[in-house]
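Reviewing the structure listed below.
Letters A, B, C and D mark the chains as written, and numbering starts fresh at 1 in each.
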Amino acid sequence: MELKYPLIALNFKTYLEAIGENSLKLARIAEEVSKEYDVGVMVAPPLLDLGRVVKEVEIPVFAQHVDPYKPGSHTGSIIAEDVKAVGAAGSIVNHSERRLRLADIGMILERLRENGLISLLCTDTVQTTRAGTALGPDALAIEPPELIGTGIPVSKAKPEVVVGAVEAVKRINPSVHILCGAGISAGDDVAKAIELGTEGVLLASAYVKAKDPKRVLSDMAEAALKAWERR
Amino acid sequence: MELKYPLIALNFKTYLEAIGENSLKLARIAEEVSKEYDVGVMVAPPLLDLGRVVKEVEIPVFAQHVDPYKPGSHTGSIIAEDVKAVGAAGSIVNHSERRLRLADIGMILERLRENGLISLLCTDTVQTTRAGTALGPDALAIEPPELIGTGIPVSKAKPEVVVGAVEAVKRINPSVHILCGAGISAGDDVAKAIELGTEGVLLASAYVKAKDPKRVLSDMAEAALKAWERR
Amino acid sequence: MELKYPLIALNFKTYLEAIGENSLKLARIAEEVSKEYDVGVMVAPPLLDLGRVVKEVEIPVFAQHVDPYKPGSHTGSIIAEDVKAVGAAGSIVNHSERRLRLADIGMILERLRENGLISLLCTDTVQTTRAGTALGPDALAIEPPELIGTGIPVSKAKPEVVVGAVEAVKRINPSVHILCGAGISAGDDVAKAIELGTEGVLLASAYVKAKDPKRVLSDMAEAALKAWERR
Amino acid sequence: MELKYPLIALNFKTYLEAIGENSLKLARIAEEVSKEYDVGVMVAPPLLDLGRVVKEVEIPVFAQHVDPYKPGSHTGSIIAEDVKAVGAAGSIVNHSERRLRLADIGMILERLRENGLISLLCTDTVQTTRAGTALGPDALAIEPPELIGTGIPVSKAKPEVVVGAVEAVKRINPSVHILCGAGISAGDDVAKAIELGTEGVLLASAYVKAKDPKRVLSDMAEAALKAWERR
């Protein structure tokens, strides 16, 4: 299952609001909004809930992390073959809460490709975005870690970082889809992100911990679509 | 669901033979043998298959790893609340292929206890077994890493290490159940392990990669029971 | 060179106030106070300054960290043979800012012993202190990480943790020397630590960042001696 | 002190042959050869010997590793300010025996620049070399880890990898100096590396563990010069 743009990528992390049955509920809402607005929505549930969520929804479901190993003698690891076997579409790689070694990122991207899985690589600065782009992931999300979870949107607080990432992708590898994240909490933040040249956003708490997740996501989907048409 | 002794603990690792549907098949065989011989059998499937396996069998199913975090802003982590939510009985901790920091092991054991989950802590030497015992896990498996996957059974090649571990538990914390592992591949190795004072074994490839897993496990179960009665 | 008790162990960390020449200055003051008051003082300068500090003072100088490896193909590592070669007396192990895996701690303690070096193991809770004690270090410092650098002394804020550590040592391995640390910033905190049954303290910022390090350390040395005599 | 090309970069690792006094001896030989042949030679001694070696020789001396932190509350770390304070010229970054996270590499390169230190970044594949080049280090050494220490020279066994790295640098950031390493053990391997478009080599055991290090290095220097003139 391919990613559709503009894209709202929803990282459920391991919030209590996203564990077990909650994960299914949040994934179903995401599916509804995706269909209603015809906008791309991807969900990344906690790893232990991945298989169940995949079976319940018809939008792309991602692992939050995958290890660089091939199948074998690796206890407690997440391997690409199993991400594929449970039916997920791809994996987040190198999230700021799960930073990886450069050499391992290289291997992980290769392992995902070998298994027909989509990669969404996270980076933290314009400099590492240049590097990340050169590695050739399918998509890349720049997220200044100091803004994650703050509600201060990167698209408004650090537009130069977003623009720098967009330019890095254009110059080094234009086939990479570029998103931004950190502090994204309202439709307006999403619109601004798209206006700066991205193809969508990556967010977590603003959706997962919302009182009314459907309303929050609907607002974002609507704003994303409008900004996308204005491009 | 409690562990039953003598116990044969089966770590599926991330072998290709244990991914997706294969995991269910191997777990069902384990359940059959457990019931047929009335011997404890525990299975630890790949993390992404954990939830499905739990639903299919009535023997204890363990996570291969769990992180020390509470639910929250932790992407790509395995938290105890989710191990509980999918219905698993406990978790392996500090396997030689997923070594953990001492401070994190302390936190993980606490997190498992808080969630009513059983801990099976792995250690590598008599010295670290003493330390591990002092941490108070429910069960502990000593596995000299140099023998893992070799087919040279710890219970025959290094009986002094197994005996040292048994003594460490007796002296420091007799409530800890003690297993041994590494190179265990036949009923005879299991019998020897129990004769040395353990309450069972932890193994992986000898079961997962066997041509006839049912026969291998049946032999081990029979040998375990006989040795257990002779104690 | 052996450690002398009561002991004030000074971790210079990598504070700007302790880099290069500053390290020598702080070490010389520590030496003066140690001789003046006849109390044990140990210093652990930044790793790159270790060799120079050792040559300048006649008190025990420790590495802040050492790796578990034998000499060989390990780039960027600190090996026990080199800690010995530059003339240091031992090493801190598993500081809260350099947490180590249980299996590695086991190997490090063995590597230090093989090289005739003293080990000072750090732990964070009573539970991990029990485990650490079972590993048989020469000395152990319990430091609740949440108090490090706060100025709130563990000996006053969490006396039950200090007492629990003292008891753990007595019960499991009485040959281990027990210190406490975190928030220790005045003579009174040191006195209290010794009254609770420890043989000294481990501290950093209160000495390294003091306007008058000599006065701070002299007060601590005096208080330590008095409390030591009252035991 | 700047690097001079063609460059033979000598990583002493933590071989027994390079610890303590041995490090000085090996560094002095390197200096002699550098002067005799007027070819660039850099040495990276074990971290604890860094300061002493810097004082003894007039060729560039590098740290084998540096951490991403600023001076502060970081026990057991190597910080750029201290690398500078002891007089070293720069640091190796991300050696295959000390792999680093992408985000940390970004920070380390910035920290080295801030302190006027030279960075030599190691990578393992053409793909990660593209990424590494985009990060903008002063120099980059591609070393396929499977050849390290084998005596099978990368410049002969995997010329396509070396050429791929040279092209990556040209395309993405031509200001980066490019070296190759792994299995380099004779003058001929060095000549071949330069013929493929590199500006030198990075090696370890072939020099450090040689019966006659001076002869080995002289052969390499001579071959490097000749190949350099033929370019």
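Note that a contact is a pair of C-beta atoms (placed from the backbone, for glycine too) under 8 Å apart; a residue touches a chain by one contact, two chains touch by 3 or more.
All figures in this text were calculated on a predicted structure; none of them were measured in a lab.
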(request) Walk from chain B over to chain D along touching chains and report the minimum step count. (result) 2
(request) Could you grab the centroid distance between chain C and chain D? Build each centroid from C-alpha atoms only and quote it in angstrom. (result) 35
(request) Report the inter-chain centroid distance for chain A and chain C in whole angstrom, where each centroid is the mean of the CA atoms. (result) 44
(request) Two or more other chains in contact with one residue: find those residues in chain D. (result) 96
(message) Can you give me every chain pair that touches, using the contact definition above?
(response) A-B, A-D, B-C, C-D
(request) Spell out the residues on chain B that touch chain A in their complex, using ranges where they run on. (result) 11, 13-16, 19-21, 44, 46-52, 63-65, 69, 71-79, 81-83, 85-86, 92, 95-98, 148-149, 204-205
(message) Could you list, by residue number, the parts of chain B that touch chain C in their complex?
(response) 94, 96, 99-106, 109-110, 123-125, 127-128, 130-136, 168, 172
